[in-house]
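In order of appearance the chains are A, B, C and D, and numbering begins at 1 in each one.
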Amino acid sequence: MLEKLKVDVLEANLELVRRGLVLYTFGNASGIDREQGLVVIKPSGVPYEQMKPEHMVVTDLQGTQVEGSLRPSSDLHTHLLLYREFPSIGGVVHTHSEYATAWAQAGRSIPAYGTTHADYFYGPVPVTEELTAEEINGDYVLNTGHAILRRFEGLDPLAIPAVLVAGHAPFTWGRTAADAAYHAVVLESVAKMAFVTATLNAEGAGVSQCLLDRHYFRKHGAKATYGQSSEPHK
Amino acid sequence: MLEKLKVDVLEANLELVRRGLVLYTFGNASGIDREQGLVVIKPSGVPYEQMKPEHMVVTDLQGTQVEGSLRPSSDLHTHLLLYREFPSIGGVVHTHSEYATAWAQAGRSIPAYGTTHADYFYGPVPVTEELTAEEINGDYVLNTGHAILRRFEGLDPLAIPAVLVAGHAPFTWGRTAADAAYHAVVLESVAKMAFVTATLNAEGAGVSQCLLDRHYFRKHGAKATYGQSSEPHK
Amino acid sequence: MLEKLKVDVLEANLELVRRGLVLYTFGNASGIDREQGLVVIKPSGVPYEQMKPEHMVVTDLQGTQVEGSLRPSSDLHTHLLLYREFPSIGGVVHTHSEYATAWAQAGRSIPAYGTTHADYFYGPVPVTEELTAEEINGDYVLNTGHAILRRFEGLDPLAIPAVLVAGHAPFTWGRTAADAAYHAVVLESVAKMAFVTATLNAEGAGVSQCLLDRHYFRKHGAKATYGQSSEPHK
Amino acid sequence: MLEKLKVDVLEANLELVRRGLVLYTFGNASGIDREQGLVVIKPSGVPYEQMKPEHMVVTDLQGTQVEGSLRPSSDLHTHLLLYREFPSIGGVVHTHSEYATAWAQAGRSIPAYGTTHADYFYGPVPVTEELTAEEINGDYVLNTGHAILRRFEGLDPLAIPAVLVAGHAPFTWGRTAADAAYHAVVLESVAKMAFVTATLNAEGAGVSQCLLDRHYFRKHGAKATYGQSSEPHK
């Protein structure tokens, strides 16, 4: 059941390892089968080098485990809320990648300082508000998702496929698990460059709306001209 | 004698190499057999690539060498004091990993800036006071341990399994040698992220007590929910 | 047709990967056959690990595709303008390498802080002005080239074989595609060192004209003494 | 002739590559046979991956080439002056390693911020004065050596086996070519940690004389206790 998706989700998880985004068992990637309404996610705390497709955990959109004997990632309910509220996405990734996490810890959105950013994120990568004590003591993982949703009111999640959870770390997403992982990798590079940029020029104003439009729509939407086909950003 | 522990201690030392935490012969890991009251530690100044389990040195808790023809790590007496005074720990690691060492050199504790920190360290990673001239000229290695103990008065060493010795470098520990090495690796990543965070936001206040509690107790204690079993942080 | 040049251009592209200058399909290298007036360039959005010489795209100096079924790099028209206006160059490279891009995003030229810089760049690596909205909304890729040309009025492109496009990223060039890639690699290292230098000493004045001359002409021109022959900088 | 020394010098050069201290053909290591008064040095501009012992160049202490068909490193005369004036040294290394070079470019000595530094360098790693226009236009490479000598008046070169040439890059040395390379590697790590330290705490005072003594003499001199023998710092 969902064999292809399990392979894709495992592969998205391993991409995070290959790109140096995760330490030990940190991080998790998931994907959804929209037709069946089922989510495939990494199990919690299993070393990446031992992970196989059959270790992936399958749940429905409310978190009821449908397949798999291992516990799902402890961040499952953040993923599920994003799938329920962002119907256009097909994959979610969470990492503690170092530079993106540092921006989240600093409580700062990542400004659109240049075209690398603009190629993938149509505006600053926003940081959420801090969760209240009530939210933390309550259903914390779910409330992390709610903090993300509040921050994305009025924003298109596919146009800005990343968020920084204040004091925590980034989440990214995309049309597929592979896309979500791809965005996590690009985000980390963008976050590192933004750190160096902000240190070199604290007042740096970032790109103009005009340049942001030009780069973003070169890779996205009906008029995209990058790559060999109309597939997004590949 | 202690064959299993020697393999574990060697493995903990090699983990430091694999993760890029040590240069040449820098760093050392040890483990203790509490029943026999014997400590296994890396020999001093032997290249890691040539190290075998039989090179590990065995001493009692006072430092009398019980087995092994090589000299033990020059930091032996810091390890031994920690084992004598922190009865809950089973492994100790010392490295000069670059970011953690820089915080130690700056004389600054690492604030709990985010959940990565909170997952492993229940509060700031403290920095010791500088040793006095008398302590340095006296039994320096032992006195390094005493500086750590003074700093941990009122703290639970398993809740904050790391310290920065001012002007020197970090020590970490855990229930086993493997845990101590694991904490050394996580500490270095946390220290790097904290450096970037502090540069991006010098006033950054760090996580709330509430979030610190939530993350720390998600991975530790009777109510831990992370991973596949009740083992700590794996 | 142009088999040798295709191999050279592929190799220049792969050098960017080996040196860690590009993520995924970012970046592009090209080379020109001046006799035939034909340019060989990387296709757009093809993964490097699958790229073969026959995937390289051949165009004339106006951009008419002469060979190859794949679309050329989306930055083609910047490359072509540089070839038309800088007759001494034989290769062009574009990357989003992290430190050079951060200087471009900060809108700052890289000062000649030391002899590593002076060995390859005879003066600061200049940053262009930002493109106007009109230029961005018009023929953007071509206009990027025009911004470079305006910045190089009065400069010898072979003496300073690199530029930072403001808010975007670096372009480098050289007598061959291999030289252009070599300059991209050196530029990234120079940009990283300049970041650290500027952080350590914000007032750092850089090298004297005298030292700049000494180092630059040690590797370039009729009196060069570096290396085993009179070939430039190898 | 000098077969063993050629192998040692080649190996010291390759150690710089393995440790990430050199780009392309940057950097050079040499060693001396004091009995014969002959120096073995890397050839200029030859790629490391093709380098063999027989490519090493042999000169006397005045620079007359005694063996080898390739040109010696362009920094030969700095090496030779150091050998003539520092009779205790047996190897010299020059790199443009990134963090050490950044301190040299910033015109700042590296303070003894911690024990990693104190283990190898008995005091700050000094930066030379800038060379005058006359010195640069004259016998530049030799005059680089003179700037180092002036800076080391009153200092023991084996106690501080490294220098930063202002606006240029580090030189290191030691009892052998291997030691010189070892010091180059340690210097780069110390320079990186010092950068982070200085950024975290601009007023950081560094270690006390007392701690400097304790660490330095733990690894050096008659009373050294580190390692398995009385050999220096191994």
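Here is the rule we go by: a contact is a pair of C-beta atoms (placed from the backbone, for glycine too) under 8 Å apart; a residue touches a chain by one contact, two chains touch by 3 or more.
The structure presented is a predicted model; accordingly, all values stated were derived computationally and were not measured.
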Problem set entry | Separation of chain D from chain A in steps, with touching chains one step apart | 2
Exercise. Taking all residue numbers at the chain C/chain D interface, are over half used by both copies (same) or under half (different)?
Worked result: different
Exercise. Taking mean CA positions as centres, which chain lies farthest from chain B?
Worked result: C
Seminar exercise, completed: The assertion on chain A/chain C checks that the Cα superposition rotation, as a multiple of 5 degrees, is 90
Exercise. Measuring from the mean C-alpha position of chain A to the mean C-alpha position of chain B, what distance in angstrom results?
Worked result: 32
Problem set entry | Per-residue overlap in chain B, given as positions that touch at least 2 other chains | 199
Exercise. Chain adjacency by touch: line, ring, star, complete or other shape?
Worked result: ring
Problem set entry | Chains grouped in pairs wherever the two touch, ordered by label | A-B, A-C, B-D, C-D
Exercise. Along chain D, where are the residues that touch chain B in the complex?
Worked result: 113-116, 182, 185-186, 189, 192-194, 196-197, 199-201, 204, 206-208, 210-211, 214, 218, 225-228, 234
For this session: Spell out the part of chain B that touches chain D in their complex, as residue ranges.
Result: 23-26, 43-46, 70-71, 74, 96, 98-99, 101-108, 130-131, 133, 136-137, 140, 167-169, 195, 198-199
